[in-house]
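Labels run A, B, C, D and E following the written order; every chain starts at residue 1.
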Amino acid sequence: MDFATIIGIFSGVGLVVWAITSNSGLEIFVNIPSLAVVFGGTIASTFIAYPLTEVLRVLAILKNAFFAKSEKPSGKIKEMVEISTIARRNGILALDKELSKIKDEFLKKGLQMVVDGIRGATINNVLQLEMDNIWKRHQLGHQLFKDMATFAPAFGMIGTLIGLVQMLADLSNPGSIGPKMAVALITTFYGSVFANLLFLPISIKLKRRSHQEALRMQLILEAIKSIRLGDNPRFMEEKLTKFLSRAERMKTSKAAESSKKKSE
Amino acid sequence: MDFATIIGIFSGVGLVVWAITSNSGLEIFVNIPSLAVVFGGTIASTFIAYPLTEVLRVLAILKNAFFAKSEKPSGKIKEMVEISTIARRNGILALDKELSKIKDEFLKKGLQMVVDGIRGATINNVLQLEMDNIWKRHQLGHQLFKDMATFAPAFGMIGTLIGLVQMLADLSNPGSIGPKMAVALITTFYGSVFANLLFLPISIKLKRRSHQEALRMQLILEAIKSIRLGDNPRFMEEKLTKFLSRAERMKTSKAAESSKKKSE
Amino acid sequence: MDFATIIGIFSGVGLVVWAITSNSGLEIFVNIPSLAVVFGGTIASTFIAYPLTEVLRVLAILKNAFFAKSEKPSGKIKEMVEISTIARRNGILALDKELSKIKDEFLKKGLQMVVDGIRGATINNVLQLEMDNIWKRHQLGHQLFKDMATFAPAFGMIGTLIGLVQMLADLSNPGSIGPKMAVALITTFYGSVFANLLFLPISIKLKRRSHQEALRMQLILEAIKSIRLGDNPRFMEEKLTKFLSRAERMKTSKAAESSKKKSE
Amino acid sequence: MDFATIIGIFSGVGLVVWAITSNSGLEIFVNIPSLAVVFGGTIASTFIAYPLTEVLRVLAILKNAFFAKSEKPSGKIKEMVEISTIARRNGILALDKELSKIKDEFLKKGLQMVVDGIRGATINNVLQLEMDNIWKRHQLGHQLFKDMATFAPAFGMIGTLIGLVQMLADLSNPGSIGPKMAVALITTFYGSVFANLLFLPISIKLKRRSHQEALRMQLILEAIKSIRLGDNPRFMEEKLTKFLSRAERMKTSKAAESSKKKSE
Amino acid sequence: MDFATIIGIFSGVGLVVWAITSNSGLEIFVNIPSLAVVFGGTIASTFIAYPLTEVLRVLAILKNAFFAKSEKPSGKIKEMVEISTIARRNGILALDKELSKIKDEFLKKGLQMVVDGIRGATINNVLQLEMDNIWKRHQLGHQLFKDMATFAPAFGMIGTLIGLVQMLADLSNPGSIGPKMAVALITTFYGSVFANLLFLPISIKLKRRSHQEALRMQLILEAIKSIRLGDNPRFMEEKLTKFLSRAERMKTSKAAESSKKKSE
């Protein structure tokens, strides 16, 4: 799990708890019916909006986004340069025994097609199709959590309205007005916390993740094109480093030099 | 009807009712004039905005989205592989007697054109045109319910404003202020519930559904292209599985193997 | 005028009036200064934003959208099939005397160019240009009313703020606080009603209308292409019905059959 | 300056002033610190967001949008037809002495390139590039005022919050609560008026203006293409009138007829 | 640092401080827990949403956007014209020794490829790829601060809700209600100030900056194309000035004339 995520979750929840406990007990902010309305209502609306299979699929993507280590593009480039060097020295067919060592499904698939001698345009089409569909699936997850971030504050307000209406309908005991309003507002509080500390950040994370995946796959696509055309590994490497930010490039330059030495 | 939808509707409505009844009677939240303003106003604005024919068309799409079982892409792929195998073994004209067995209108139409020997570009144009128009019609439904989700809270606020103005104009009886405000707020409550538990989830569902339909039709388009060009059914199957998510692919692999055996 | 629009306007206004009169007199909701601030302010901002010629043009489009009967695509298809049949039987030049009978300006223009023997690419360019510009003009109307739907609630709030500030600046007479706040809130009420029962629905209607117009013109474009190339009228009809929804197609099938008989 | 703009500004400001003075003196709505927070804060945020050169450039565009008379497309068409007629009768080189009479920079540049015998594709590229950059600059102005329309109500709320916090921190004098809240709310009032009667309408005006400029340049582009290819001036005129709305076309038809007579 | 930015930050903060101190002491607006909730919460949500590497990368972009002097396009054009003149007079290979003097990494890279005789299409591809990736990285920064501008007011509201609930839960001491509400509202105040005087302007600045960078790189791309094709430096200059606004062009014309003299 990304270190920043852990810091974010702990510090975010910690801050809210600290802000509460520095002035009162935490118990006045624990209200099960309020929690049920906000969380339950959000889930209910999500289940009306999305088929069960899509909800489950998003959970899988989510686990992946938080726990699977995102591979660095610089490492990927190194791998591609090594493959390209082998292909250049020993011919494309020599890649056949390398295939079993490759873990990246997308890359493996693409190289397999190169080894099988399938036409370049066809390889491009097939990989492009896969990229489009992975992109769409990630977008689905991004959209689902964005919708949840819309539902949560709405159900927060619905819960608060329920409490306010009940309070206003019976003002016979003036002393209970304050506490009743306090309880009513807790639902809005829950809705806002869920949306801004959970659903919205997750939605953004999935969007960023889909951009990273797209970048990775575009990089592989370019590399496979170069390998197929028999480009010089150095030139390919230079082209691929275009995908890196300036900061990454500096860090990469040393690794690249050592990998160049190997390839020579 | 999708199981998640049923859970969603029941748990959503149930939660709200439970949240109300745990603190007061349900009757203080039943107010026919408030309901009339929110629901009636939303319908009225929708009827000004959309021609009658489009409203009716959306109702048909809606029924379809909730009750018609969405066909799984994996099942569709199996069907396409079988058709492709027949075309490969017995020639394209052999598909003519298969056509009557096919229920999918879009697929039938496309294969009919292949059998009739119509040019590939023309087949593509005609099917693409159909896809575009089905897409536009689904977008219409998505947009109509999104607009309703905008109108409902607005009329909720209009109703609340009516109640507040009436209350403020006559403050002679202080004891009635609370109950009057309670009634005024119920309209906002209705507007929020309608928007977030009904119109917005339906709007999202129709958007998702249009994506699924587009996927299905794109899959068929690719398959028809392969059949027309006489591609190897196995290669076509591999290409089509690109449309499936990783999870679906694993589930499909067994079905695919059995279908392969049949086709060999 | 579309029947749904009439129902919408009457029921919408009726509902609001009914909701008011069921609890108080209508007169406390009539406030000329409030009306002036909301309606006048909205018009003023619109006049700063849009040149006079564009405002007038939108009024013309508006009249058209509400009162001109939108032609059904199915009727248009029937007309195109008849023209195509004549062209096929008697040659394209035979269309020359048909031209005077055609009321649709866009279709007439297109056919005239076909009869004049102008090159296909040029015809396409000219008609496409006209389509783009009609589309842009409709978008203008859609956008203008959307902007008005933004201005109206804003001026509603401005009016309410004026009333609140005046009330708060002089609290010497506690008995007048209620009625003064009531009057202040009426401006927000007006802004919300104008936006949601007038400007927003009209904006959506103009957007839908522009989609319908685009559909009609695309249909004519396709038909003219077919006529120019001498396509079989039946094949053309089948292609054109792609523009219809499933519901319309069923209704059309009978009309189509009778028109086919004529063309045979 | 456009007549509608003058009406809009005067009636908008007049309405607000009238609404205020009909119930109280104008002086309770004049509050220099509030004005400073809203206007100053908006300008401050704008200066952080945009480089000084861009702010100045937008002021120039703004002056142009409000004071420079927007040329009518119909007049432009007449001009183009005259030029085309000269080119047709006396050859393209005859345009050389006409160039000095042309005031429109974009048109002049384009015709100069035609006279210089530069290749059609190059002319198109150069003019297209100019169009894109003019478009981007107009978009900048549109966006800057849209951002100001976001900042103004935000600083209005910030000012109101400052006043509210100060009032709530010292409730010792109950009699001053009302006036203090009144002053606090004036900031929100200013923010709303600035946004809706100034920044938002200006933003929309600049957007419309950029559309008009784009239309004008597209029209010139088409005309230059026709002149270069030696099209019949009448056919060119017909093509160019596609850019006009129906209303403008009717008005134009007479002018066009007279210009046709001249060209014959 | 851009002069307008400094003015903006100082005047913005100054205005808010002045507005506060003109009516009360600054100390009632200093509240560390409120600050912690708003700023800490915003950072926490950002860290959940974005991987640590991306947050750090954005900080680098930010430093650059505020402190690195943005190069003027007119200066860039002058540089390109000089290079083009050398290439025209002494041949493209003569550029080789000029390369070491060029500081602009993007330009250097492009010219190096021209000198190395790499094919035009390849040069275009490589530079386009670099442009796309720089664009995406700038978009990331823009989006990150836009998200922070969404989180800040949300945590402002969360903090206010915490304060309100605590106040309402214990109304035993009426005298403390005012000050407690004051403290609660300070969090909303912080959220609004952070969003509108910090995060939103920075987000816009990064968006503008990415547009400027794109413009600069597009200009270089055009220039390299011209140099490669051996265009006349004057014609190239004219083409490049299309990227300048009218105001810049006038200022440039003199510099251009002097540079022309040199090139002759």
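To be clear about the criterion, contacts are C-beta pairs under 8 Å (C-beta built on N, C-alpha and C of every residue); 3 or more make two chains touch, one makes a residue touch a chain.
This is a predicted model, so every value here is computed, not measured.
Shared contact partners of chain A and chain C comprise B. Note on connectivity: the fewest chain-to-chain touch steps from chain B to chain D number 2.
For the self-contact between chain C and chain D, the two sides draw on mostly distinct residue numbers; the shared fraction is below half. Centre-to-centre spacing of chain A and chain B amounts to 25 Å, using the average Cα coordinate of each chain.
Chain C and chain E have Cα centroids separated by 41 Å. Counting partner chains per residue, chain C shows two or more touched chains at no residue at all. Here chain D touches chain E in the complex through residues 33, 36-37, 40-41, 43-52, 54-57, 60, 126, 129-130, 133, 136-137, 140, 147, 150-151, 154-155, 157-159, 161-171, going by the rule given at the top. For chain B in complex with chain A, the touching residues are 2-5, 7-9, 11-12, 15-16, 18-20, 22-24, 28-29, 70, 177-179, 181-182, 185-186, 188-189, 192-193, 195-197, 200-202, 204-205, 208, 211, 238-239, 242-247.
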